[in-house]
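Going in written order, the chains are labelled A, B, C, D, E and F, and every chain counts its residues from 1.
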Amino acid sequence: MDLNRAGPVLCFGEVLLRLSASPGVRLSMAAHLNVHVGGAEANVGAALAALGRRVEMVTALPVGQLGDLCAAELRRAGLNIEFTIRGEGRLGTYFLEHGVGARPAAIVYDRAGSLFSKAAHPFDWPALAGKAGWFHVSGINLAIGPESSNRALAAVAAMRGEGVPVSFDVNHRASMWVDRASEAGKLEAQIMGATDLLFASARDICRALGCDVPEATAQGRRAAAQAAFDAFPSVRAIVSTRRDIASDGSSMLTVRVDDRETAHETDATPVGPVIDRIGTGDAMAGAIIDAVMRGAGIHEIARVGVAAAVLKHGVAGDQWVGSAAELEAFHGKRQGDVLR
Amino acid sequence: MDLNRAGPVLCFGEVLLRLSASPGVRLSMAAHLNVHVGGAEANVGAALAALGRRVEMVTALPVGQLGDLCAAELRRAGLNIEFTIRGEGRLGTYFLEHGVGARPAAIVYDRAGSLFSKAAHPFDWPALAGKAGWFHVSGINLAIGPESSNRALAAVAAMRGEGVPVSFDVNHRASMWVDRASEAGKLEAQIMGATDLLFASARDICRALGCDVPEATAQGRRAAAQAAFDAFPSVRAIVSTRRDIASDGSSMLTVRVDDRETAHETDATPVGPVIDRIGTGDAMAGAIIDAVMRGAGIHEIARVGVAAAVLKHGVAGDQWVGSAAELEAFHGKRQGDVLR
Amino acid sequence: MDLNRAGPVLCFGEVLLRLSASPGVRLSMAAHLNVHVGGAEANVGAALAALGRRVEMVTALPVGQLGDLCAAELRRAGLNIEFTIRGEGRLGTYFLEHGVGARPAAIVYDRAGSLFSKAAHPFDWPALAGKAGWFHVSGINLAIGPESSNRALAAVAAMRGEGVPVSFDVNHRASMWVDRASEAGKLEAQIMGATDLLFASARDICRALGCDVPEATAQGRRAAAQAAFDAFPSVRAIVSTRRDIASDGSSMLTVRVDDRETAHETDATPVGPVIDRIGTGDAMAGAIIDAVMRGAGIHEIARVGVAAAVLKHGVAGDQWVGSAAELEAFHGKRQGDVLR
Amino acid sequence: MDLNRAGPVLCFGEVLLRLSASPGVRLSMAAHLNVHVGGAEANVGAALAALGRRVEMVTALPVGQLGDLCAAELRRAGLNIEFTIRGEGRLGTYFLEHGVGARPAAIVYDRAGSLFSKAAHPFDWPALAGKAGWFHVSGINLAIGPESSNRALAAVAAMRGEGVPVSFDVNHRASMWVDRASEAGKLEAQIMGATDLLFASARDICRALGCDVPEATAQGRRAAAQAAFDAFPSVRAIVSTRRDIASDGSSMLTVRVDDRETAHETDATPVGPVIDRIGTGDAMAGAIIDAVMRGAGIHEIARVGVAAAVLKHGVAGDQWVGSAAELEAFHGKRQGDVLR
Amino acid sequence: MDLNRAGPVLCFGEVLLRLSASPGVRLSMAAHLNVHVGGAEANVGAALAALGRRVEMVTALPVGQLGDLCAAELRRAGLNIEFTIRGEGRLGTYFLEHGVGARPAAIVYDRAGSLFSKAAHPFDWPALAGKAGWFHVSGINLAIGPESSNRALAAVAAMRGEGVPVSFDVNHRASMWVDRASEAGKLEAQIMGATDLLFASARDICRALGCDVPEATAQGRRAAAQAAFDAFPSVRAIVSTRRDIASDGSSMLTVRVDDRETAHETDATPVGPVIDRIGTGDAMAGAIIDAVMRGAGIHEIARVGVAAAVLKHGVAGDQWVGSAAELEAFHGKRQGDVLR
Amino acid sequence: MDLNRAGPVLCFGEVLLRLSASPGVRLSMAAHLNVHVGGAEANVGAALAALGRRVEMVTALPVGQLGDLCAAELRRAGLNIEFTIRGEGRLGTYFLEHGVGARPAAIVYDRAGSLFSKAAHPFDWPALAGKAGWFHVSGINLAIGPESSNRALAAVAAMRGEGVPVSFDVNHRASMWVDRASEAGKLEAQIMGATDLLFASARDICRALGCDVPEATAQGRRAAAQAAFDAFPSVRAIVSTRRDIASDGSSMLTVRVDDRETAHETDATPVGPVIDRIGTGDAMAGAIIDAVMRGAGIHEIARVGVAAAVLKHGVAGDQWVGSAAELEAFHGKRQGDVLR
């Protein structure tokens, strides 16, 4: 399989309207909400576009001004929408309250019954596969519901059939699986079986394989990765992250990449002051997909991944805004605190 | 029936989250949305509270921060929420784009499947009727769906059973009746049959009675009112409004009140610059219910009605904020343009 | 008396903190207030500074950050504060709600007990008179209280003693005279007796002279002016304004200037859309003082006066921001609606 | 005395308008001010309301829009205003500049001569005592002036007479006692003598008792508490807090609760990034009164106290917005940094 | 020549950063500026994209974040940037102060020396012509300087060589021609000679032809148009607009279309309240190009032109945001003032 | 030379318009920009004015509203503009993106070709020197271009000729010297030769003297200072700063002062949360010039320098806003975190 195949990266998933209160304002007090457009796969696509990749967002948006808003914002973020379907229905929405200190960020989802979650969108997967250079999908497609799950499975199957590399971010959110918790692992495993580049924790792997979660050590993590490599022959690399909380409440991020031969973990990297926690994993995934597409080794993969994840914390909105040069400079020598 | 019965005014209907773009900003461009809490009956209640009436909002709000926001805003507007039910579900929402000049305001509803629209809320209508001094409801309850229609009919029946005066604003919105258009008139007529104070146009009356809409003259309007009085013995007064657009695009409002003996129309009153068009009819209804409760005649009723409607155009949000003194001063001699 | 005497214009009066809600927001709903610095005499001074005059604000400001804010804003507006006294005390404040359409603007004063209103400020009037080129004062000094009245009378006496021209804007606000209503006319007459350039309506003149207000005709206005000229020998010119409200609620402004020989009235000039009504008379006074200082005739005086008053309606804050060229262009041929 | 007596909590004290500049903006530069409504007792009441208690704010507010604003905001925060008196007068105000790093927050008070500080409000203490379930007051009532002190003493006496439990937060602010410094301790002691739940530092206790402040050790703190228990037989528990500043300038909070048998101190808990420092002690007091009302032990009392105080730092405004569940979760296992 | 040729519309011209003060705020007082991206040809392109046309913006943007901002905003507005060149240099900027009432809007240009104005951009005109479906350019290209003029002439020549229809908006701004005023007419005539669809006033035509401006009557306008048709054989239609100011200061717009046979003028159409005057002519041009491309007659052309121009006044920013349906509804029967 | 000579401090340099995005917003995403007025020498002047010094800004500003804005903001910050020249030209501008955590702040300069950078401004240096009490200049004057360099050299020569003390902040910014890198040291040395108070790092000194940069130790720093004292006889004191980055990314500042006898370094002082990094060195320079003018010793000089630099990090804009009392309190005992 050619990891640098011609054609755009296709990002497939739901696009959400995000409405966030300003820092320090609880949702229950909000007089104003900031508007952003998000969604895990769109966020990955935005990071890829920022790094110079051609990206097509494959999704369904409502006709009308709210759908227009999403389409415009996707384009602004560098994604193309040639394969985006428009239809009658509602737009999935989420409300975000930023965390402060000891109070975690909080999300109120209002996405049930969205247009995207409906079964009947006429995506032509074989045709799309014929044009695609890469395909990215997250497990949120599986969590949305049975129709959405089936659609994601069909999409991935079509991609494999055409030799399109597939990246899959498990992105397991227990609150979205409440009614179908027992199905999650099985569905996730089905996508893993068609994946080249897997974003998954040891816990994700064990949910898919039905194994016990190993202890939180380097050996445990390697054991989980090895189990995934054994079970899923197409998987070439597995990316996982770890967030450690220091005693003063600040966070440190570590990115780990396992390939079939070996593994590499970055240093625990301080996150620093946070503007926006959402989409940090998606920024990392975008940077890593880009690195894999250009044939980078696992050190480089982990390096750009942690840089993108940490830098995303400093950008408002779901999506990272930056450049390859900034990822590069992240690990360089600190030149000063103002770039003139 | 005692029009100034002890007990609070009960306003029954859905409370909506309103998200509006700033003037001149299309929804499809919005980076920020202003948050207000609205809903026709809540808006009527807010006007009544501003005029010193004790008001209870009878509705259902989601548990969680969005429901908390609505509850807090209702209280801020002077409504009490002792009889408001909290439950699991989504909050009905609407997006508002203000009109400018030739461009009308536009609303994108996202209210389907809201908690309020569900059937199963345990409102105890007989008990509420025992405590109520007045009951106000709008036809939006009927438009929301069959369960909601049945609930509104049950509520009104309970009120009549206890001798609670009922006001009903038909508030017919064709876009909400698309799937059930043929039922609207019949359901609206059922509520009219239990109403004391009716807010209805000639068109509304004829939809309910199955008659032809009379021509747009004073005689036509009186004919429609007479038909309603004939059909609905409990109706004591009928209020209707008219908006005329001048050649320069500005608006003039007229309020008409028919009782069983006679009718009165205000002068066409210039609306002037507009901050917010939403809820102007609700402000009028609140001011008129208050006037009826204190036994005002139809001249006074029409006078406070047009004052509240016009003044509401100058207040941001769904709800009028003002005082009885301001309604009074509206028709007085202009003292100057700054009150010091 | 030399109307273009060397030395700065001294503007003497209270400086107030103005806190205003955004348009369409009632004070009782405000979550944010906009901060401006105002006061009738400071506003006049700002207009004079915009027109190139050297201006000194003679006032008293509290020590601390609120006084610093006023001092900084006065300087930003072009006024100097060399003769401004700082002391311990509170800053007079007013809250402003902009009017919309039929709702007038509303002001809530919170100025009682301010530092400025206290008696004991060590203004050295003879020394100030020695340095002054012009002296401007408004009747608000008289309304503030007895100490303030005495101070204003002393100031004006010192100015006359040194031959400094004095302008006086009666600026009668009944709400500030509630407790001392019977004194107003007498005190105002005392200042008028020391005035060269008087801003006063026929009503103001008659309050001072104890005469009946003449009817609102050109003859009536001339009769009042003549009475003032007779009573107050130092007065050279009297400026008055008239605001007419058209049937659609829009305003027209007229400026009238009487001198001892004749009178001139501008056309009624449409005000157009309004950003901020406060300080429009002060802007006019500033433009007129400037014109008088350069020896303009009454046509020119009235012309720049109405231009400044109308243009001020389009500028946020208490003070006009503009230029002599803009006053000139106001009456010129409309070139288009965008100056590139 | 029944600590869970029927009836609402009465919070008695002044309500203030708070006008705050945005972070990083000095008051002397502010072009906008954010509006909140505060006051120590109102803040305590808001925390109690957030935790589900019925609360009545007993205060006096000016008639007019500024008083209306306060009334509306109190209601929004969950407080009832049935016993709030409206009258003619000014509203106490304070201006707040948030601190940043090494610069402390700064408050400019403009509260002298407020309506509340006047003597003549017709609070009917015996009648209120008959309805009250709890009574909370702070020492600011004593600092405002002699009339206010007398009123607070009368209120507390009436409460004790009816068996209403009283909580008292000494809240000693030296700047408010400048002219009456020698009276503070005696007045504070008088209220302490009628108190069940006392919020006081060792320094507060010794000011009241005229003793030397013990050294800042556990023994010293216990000695002060013991002295208070000896002097004031009605006091059941004493709450005090300690703020330690780490070398990097960040803060740690500790809450200590003494009862007649023993004492408990929480761990020093990191405060983390700060949105708003004001009202953190009031949030703590509210949480602790709630805990005492439900019969919690001193460990639990201290635990919810420190949680409320720390969490308040992350909420804009004077008042904590949150829930009992959040206080509970504060000490639980960190689940992640986004609650979905 | 095929007016509905395959391929995108190419819009060629400078893209500017627009920084505008809020309404009522003079530039000299501004504490905040709103950011938009503009430029006459980009604005035309945005209108065409809103109407469903594929549009490519042909321009040069600086590398770096300001150029990125422009690129992102162009994409958001629906324009593609495949043929946009990036280079080292500065971004042309303009500062906008909105007019209010009698005060016209004011623009401060800071565009000298911009990257776009430099000679050396490697636009491959023949290649672009091979791909283009239409070419639009304005006279601002000519005003920028000699290199820019030459480039525009080369572009137009290449388009004609390939049979690409050309639209040309003279857009004469005297302030940009100060140093080269004598060249304007000649250069404009050169482009007119290669134009199919011409946006030009009688004054523009006469500047190009060296004739006297005819009187402002229908005959005069037809005479000018006829002269242009005679001089420039490729021109098929000429569009001009007229803005009349009513006595109350409000504006009326008229659009006139001349073809070789006849002419049509719309009614004078009230503009109403104005959010943003900039780009109204560009919105009209976009709507008219779209109409011409689909073969509309001159009545229809004028009709959509005046609709787009008037509606643009209600949209913040340089660019119209709307839809073909809104242009259609503009002339329809007023349905009400809120579209639900 | 008299360090406390009568007459104002003259600050000579370019004034820039600063346009900054809000925290967390990349310039490429900005929809709003905050307006400030900056420039190294103006910032120093603002600090001096805040400390009570009379300051004149010697610069050139464009005619028109942008120049008016700068003039007004300079006055607001306490600077006088009697010697500021107005002329036709553009205003130097810079765009600022605040850094967050690992992302440094970024500046996009758009200052080429500004009015100030032109040669021909008629500053009358001998006359200015006759009036000056102190003269401050930074190396940015040298970096702007040859004309600007010559002008700065002429200014400094005139000052020395009149015995006016000169302070010089090298402020070397490599990006501004790209085309003239080899000249920097020589020009900087020329100014150093006429300087009394020098703000320069060891690296700056060695660039001027052509020596090797000593190692980063106390000895190395003293060696560099000694070399400067040897080379430049007029230099009395040399100030340098050091920023250390802790492992968690936070900053510590140290200020060092060398005089001819000895040296003093402050403790490394934590900077804490940062609102605005720009102008911290200028705030320090202002505080130190003030201290030198009042004859303070090097301990005191360093002490106020580090206080001003650290406190500036907490103030939005280029300029420190504060007071001598705050500099004093900075090193005092922490009284609490809210000053009431």
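The criterion applied here is as follows: a contact is a pair of C-beta atoms (placed from the backbone, for glycine too) under 8 Å apart; a residue touches a chain by one contact, two chains touch by 3 or more.
Quantities reported herein were computed from a predicted structural model and do not represent experimental measurements.
Touching chain B and chain F together: A, C, D, E. Traced through touching neighbours, the fewest hops from chain B to chain D number 1.
The interface with the greater number of C-beta contacts, when A-E is set against A-F, is A-F. If each chain is reduced to the centroid of its CA atoms, chain E and chain F end up 46 Å from each other.
Distance between chain centres (mean CA atoms), chain C to chain F: 41 Å. Listed for chain D are residues 26, 28-29, 31, 72, 106, 273, each touching two or more other chains. In terms of which chains touch, the assembly is arranged in some other way, matching none of the line, ring, star or all-to-all patterns. Interchain contacts (touch definition given at top) occur between A-B, A-D, A-E, A-F, B-C, B-D, B-E, C-D, C-E, C-F, D-F, E-F. The touching residues of chain C, when paired with chain E in their complex, are 250, 270-276, 310-311, 313-317, 321-322, 326, 330, 334-340. The touching residues of chain B, when paired with chain E in their complex, are 23-26, 28-29, 99-107, 109, 173, 175-176, 243, 245, 247-249, 251, 273, 277-278. Of all the residues in chain A, the ones that touch chain B in their complex are 19, 26-35, 64-66, 68-69, 72, 90-91, 93, 95, 97, 106, 108, 110, 112-113. Chain contact summary for the complex, chain D toward chain B: residues 72-73, 75-78.
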